[in-house]
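Both complexes shown next keep chain A, but they swap its partner, so chain B is in the first and chain C is in the second.
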Partner chain A sequence: MSTTIAVFRREFGAYFNTPLAAVFLVIFLFLAGLFTFNLGAFYDRGQADLRPFFQFHPWLYLFLVPAISMRLWAEERRTGTIELLTTLPLSLRDLVLGKFLAAWAFAGVALALTTPLWITVSWLGDPDHGVIAAAYLGSLLMAGAFLAIGACLSALTKNQVIAFVLCVVVCFLFLLSGFGIVLDFFSGWMAEPLVRAIASLSVLTHFESMSRGVIDARDLLFFASTIVVFLVLNAILIDWKKAS
Partner chain B sequence: MPDELFIQATGLRKVFGSIRAVDGVDLAVRPGEVLGFLGPNGAGKSTTMRMITGFLEPTAGSVRICGIDLERDPLGAKQRIGYLPEGAPVYPDMTVREFLWFIARARRYRGAEAASRIDGVVRRLQLAGVLDQPVETLSKGFKRRVGLAQAILHDPPVLILDEPTDGLDPNQKHEVRTLIRDMAGRKAIVLSTHILEEVDAVCTRAVIIDRGRVVFDGTPADLDAKAPASVERNRLDHVFRSLTTGEGAGRGGRAGDAGTRATSGAGHA
Partner chain C sequence: MGGNRRNIAIVAVLSLLAALLGFNLISSVVVRGVRIDLTEGRIYSLSPGAKALLARLDEPVRMELYWSEESGRDLPQFRAYADRVREFLEELVGASRGKLTLRRLDPQPWSEAEDAARTNGLAQLRVDEFGRTLTLGLVIVNAVDEREVLPFLDPTRESFLEYEVIRSIHAVSRSKPPTVGLISRINLDAQIDPRNPRQVVPAWHILTELRSMYGIEFIPPESDALPDGIDVLLIVHPRELPEPLLRDIDRWALAGRPLMICMDPWCDADPVDAGGGRSMGGMQAGSASDLGPLLEAWGIAWSRQEVIGDRGQAQRVRTQGQGGPAVLDFVLWLAVEPSRMAEGDPITGALKQVNLATPGFFRPVAQPPAGSSVTLEPLLRSSEDAKRYGTDGLMFMMDPAALLRDFTSDGRSEWLAVRATGAVRSAYADGAADGGTPVTGTLNAILVGDVDFLQEQYWAQEERLGPISLGWRTYADNGAFVLNAVEVLAGDEALSGLRGRQRYTRPFDRVRDLRREAERVYLDREQQLQTEIRETEQRIQQLQRDRGTDASFTLTPEQMQEIDRLQERMVSARRELRQVQHGLRKDIEALGTRLMVMNVILWPLIVAVLAAAWSIRRTLRQRRRTGGSTA
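Moving on, here comes the complex of A and B:
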């Protein structure tokens, strides 16, 4: 436990040791604001809720979350510090979990900085706070799922750009796996139950219901199992190929 | 006695694709020994050290650190090793203080104990003046010292140093060698190097590997004795070349010819 925290602290600090944290947070808040007020027509709708804010999160995360996760392992490989890290008396669990939790906590910080919107909407009207809280939870879980995917893909390469692009593509597939754009590719040649299984992996569908305030055990299970599966895969990849 | 061995590597083999990087290396190091690990580039020195420290998994063979099997109890074995990887990689955007705290926490030290450990290595490697500087702003010599500091923070019984003096100026080399000599005694130390005089200066034992196999294992004096009497200068260079290239093989037929080359030909590094 204490060793997982040691890895967590180093990784979390690493975001703030470079301009990455500042640049990321500013861009995240700027884009979140832009989407909410312009595309989402926050004021014109005349409704006291945060729907216009949350409905763009999947798309915001599609490009911003890979920017958080791409460095996790690729940078270690490029600078050779992976040799230092993996010869310390740390287990794979410490490394994989510590890194993931640090990235997730950083995404959490970004999300927490959007709470002034919540305050604004409560000041303007009388929103359903339960719905907003559920949407925040859904957003955080979606970020976690994307981060786990990104961390795993970052372990494949020492090139951060490759890690970024791979992560965007895989997250995009997960986002839209319930929609024609992805399903058309599989239906026809794949057995119907399998196609339905792929459709059920759609991040967008699972997030949609949570952003409306519905906390369903199936959605929670979906995000939790996505995170676990990719973290296990991440550990396997690192164990299998430490040296570049 | 086998339990007295701090490092015991048996039949180490590492195959990358079709290349046999390490091909059956046995290495046994006792406390008090400083083993100089020599060999041409690509002979398998770093690969061997990476297998001993648990970074690479051997294709075959086993490693025991202070009697602990590396495969069975990797964390227990790693706890007893201090390792300076080649090029001394250190997180560039951390300050020296942050980095050493990370290492201390990763090695399960807390609070006052961690602080006193860090204090100890900071004093020993004279890092006090750069504690709050990011590592990437440091000179090569300081970076190397930070790398050494993390390797000895937990006062490990086994020290593995991959080219600890490579790229340093003569003063810095001298400092690092003095440090290694000071630490010898209770530890088993393995250091790889390209500088043959270093073996004379700090090592109690020399092992030369070539193409993944051990071709010499003995004291620096034994190594020196292998050079023909006719060779007066760069005697170790001569032996090294004859062992790893077959040029002027010892007392063999081409000795005279190579002897001339060793004395008048190839200059100093």
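Moving on, here comes the complex of A and C:
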């Protein structure tokens, strides 16, 4: 556990060693604000809720989360530091978990920095704070799921650009797995219950369910299981790459 | 060896993905009902009122949920909602101690279920160009095959699902609904359109709602007496009721029997020609109603000549003003807020907004008649920023801008709807020659100073798909107010806690205050400038006329200067007027821009600066540390 924390601290600190973190945060805050005010017409619709803000999160994350996750392993593999890492007295679990948690915490910092919007809407009117809190939790979990997917895919390649593109594609599939655009691909040759199972993996549906203001155990289990499975996959892939 | 390892990895990856799939599939079925509802009104949770009602069911009731599985597959929003509806219904079944059952039907094309869906009048939404349709509806049937149908369960109205389902269950599970006797000067029922005999004007939605819960017995306003077998008496717009009927109403009221009266000093739904019946260029006025001598005798004052304007709770309306179309507060149309409703009362306790139009007001009479100790509890109140208007000439004052401009508050919160209880004296006590009227009795009445609020245009809108009604979208709780009131009077309060748990709007209070202030300033200034322009025009005309009477007369340089000056002033006044009109939304827009700049530009910049500062500090510290170590 303490070694996981050590990895976490090292990785989390590393984000702020380069200007990358600041650039990311600024872009995230700028885009989130811009989407909320312009596309979401937050001010003009005159309703004290944060729906115009949260409705764009899946699409923001689709491009911004892969930007965080792409370097997680691809960078280590490219520079060869992965060899060094794996010779340290650290378990693979510590490494995978520490890196993931650091990335997730960083995404959490980005999300936490959007609280001025919450303050703004509370100053303007009387929003339902329970709904906003639930949506924040849903958004954080969604970022976690995307990050786990991204971390796993980052382990596949030495090239960050490839990791980025792969992650965008897979996250997109997960986002829309309940929609015709994805289901049509499976429904021709897969058994109906399997197609339905795939449909139940739609990140968008689970996120929207939470952003109503209801925290359903199944939504939590969905995000948790997605994160766990992709982290285990991540470990398997690292192990495999290391061996080969 | 490497290949073997790779194979193991591939198998592991695939089986993990399958596990993810399987886990979520199983958890979506096994784990249900475990959730925390964080919404303010707990709108997604089964309310105690619903549970109590379900526990009291004594006859079996069957629910039939129709959902097109196949058509809904590619529509995740609908599918997710259908799942939630099914789970909600299962939760109801669980709370009903076995009286409630759920049947799920999939109306596939050419199936029996499709026929049944059609027979029950469920809506079929077309989902693609190949004519595939989607059904998501509910039929609730009791043991003797009486049924209630919800033709379409709209995902955007999820917060009303509980009320609609529970109401339907309640409606089919009662042995005999109470009977409401309805006396109304206005025909609320469906009727042939007098202007177009081939058209039918549908019944008022409020009547349809009442009918779904109660037996309705129409009592013609010309009747001499109330019929037997009535449980609640509802009187709507009692304009010029005959004395024998008034006597019977008095008798009914004194017997403490439940009574609800909607009366109005200005009823748009029952217009009369302005000027005492003679047409004044087609101008129509609202008609007034009262209960003859009854209210006064009961100790309740009611003025049929005064309406309440309320700047604090005014509705917004579109108008055609001097500077083009505008949206303004219309003080005679009120949107009564929860803070001006009786708190904790089963009638208003859960309501969020009741819209009224030109309402009157009630208050206790200054000198209560001997033997009367009536208690009035306000159910709906105006704000303190309210004013009484006389109804004579009201039609000339229906301009929202003018009303707002000339508004001076009386500073009193008026009572727009009251519950009246306690001992009262009969209006006909002195001439009780018929012997049937007791001199005193106990009142149990609800009085509303408005009739127009019953019209759906003030609170609900029907959504249709061709000939099928998809249901009504309400934007105020007027219907809930009436149903709650009748229900409480009928002693059947099971549903009142379920209505109106959802807030219709959460407006930006800051923006509203800014807007009100801007409008006040704008209207004042507009008035001033217009007067100025008018006066200047007159002055110029005057000067030119003076010259015109005498041909030899030429303008003195002073007069010419004066005209130039006046013209200049007029031009500048006109310009300022335009600016004032443009400026009406300036403050609001400026606030919006400020907030956007703060959130979208300023805040990210602050974060950037902080992050940069932090990273510089870190670098410096590291450099110092490494410098120290090399030294």
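By definition in this document, the second predicted complex is superposed on the first by the 242 of 244 C-alpha atoms of A that agree within 3 Å, B and C clash if a C-alpha of one lies under 4 Å from a C-alpha of the other, contacts with A are read in each partner's own complex, and residues count from 1 in each chain.
One rule holds in what follows: a contact is a pair of C-beta atoms (placed from the backbone, for glycine too) under 8 Å apart; a residue touches a chain by one contact, two chains touch by 3 or more.
These numbers were taken from a predicted model, which means no experiment stands behind them.
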Contact breadth on chain A, by residue count: chain C or chain B: C
Touching partner for A:A243 - first (chain B), second (chain C), both, neither: both
Contacts of A:G46 with chain B and chain C, given as first, second, both or neither: second
Which of chain B and chain C A:L90 touches, first, second, both or neither: first
Chain B versus chain C as contact partner of A:S122, first or second or both or neither: neither
Residues of chain A that lie at the interface with chain B and also at the interface with chain C: 17-18, 243
Contact footprint of chain A on chain C as seen in their complex: 2, 5-6, 9, 12-13, 16-17, 19-25, 27-28, 31-32, 34-40, 44, 73-74, 76-77, 79-80, 158, 503, 505-511, 592, 595-596, 598-601, 603-605, 607-608, 611-612, 614-615, 618
Residue numbers on chain B that touch chain A, as the complex places them: 50, 53-56, 75-76, 78-79, 81, 83, 85, 87, 89-94, 98, 102-103, 105-108, 110, 134, 150
List of chain A residues in touch with chain C within their complex: 16-19, 21-22, 25-26, 29-30, 33-34, 36-37, 43-44, 46-49, 113, 116-117, 120, 123-131, 133-134, 178-180, 183-184, 187, 193-202, 204-205, 208-209, 212-218, 221-222, 225-226, 229, 232-233, 236-237, 239-240, 243-244
Of all residues in chain A, those that touch chain B in their complex: 2-3, 5-7, 9-10, 13-14, 17-18, 79-81, 83-84, 86-91, 242-243
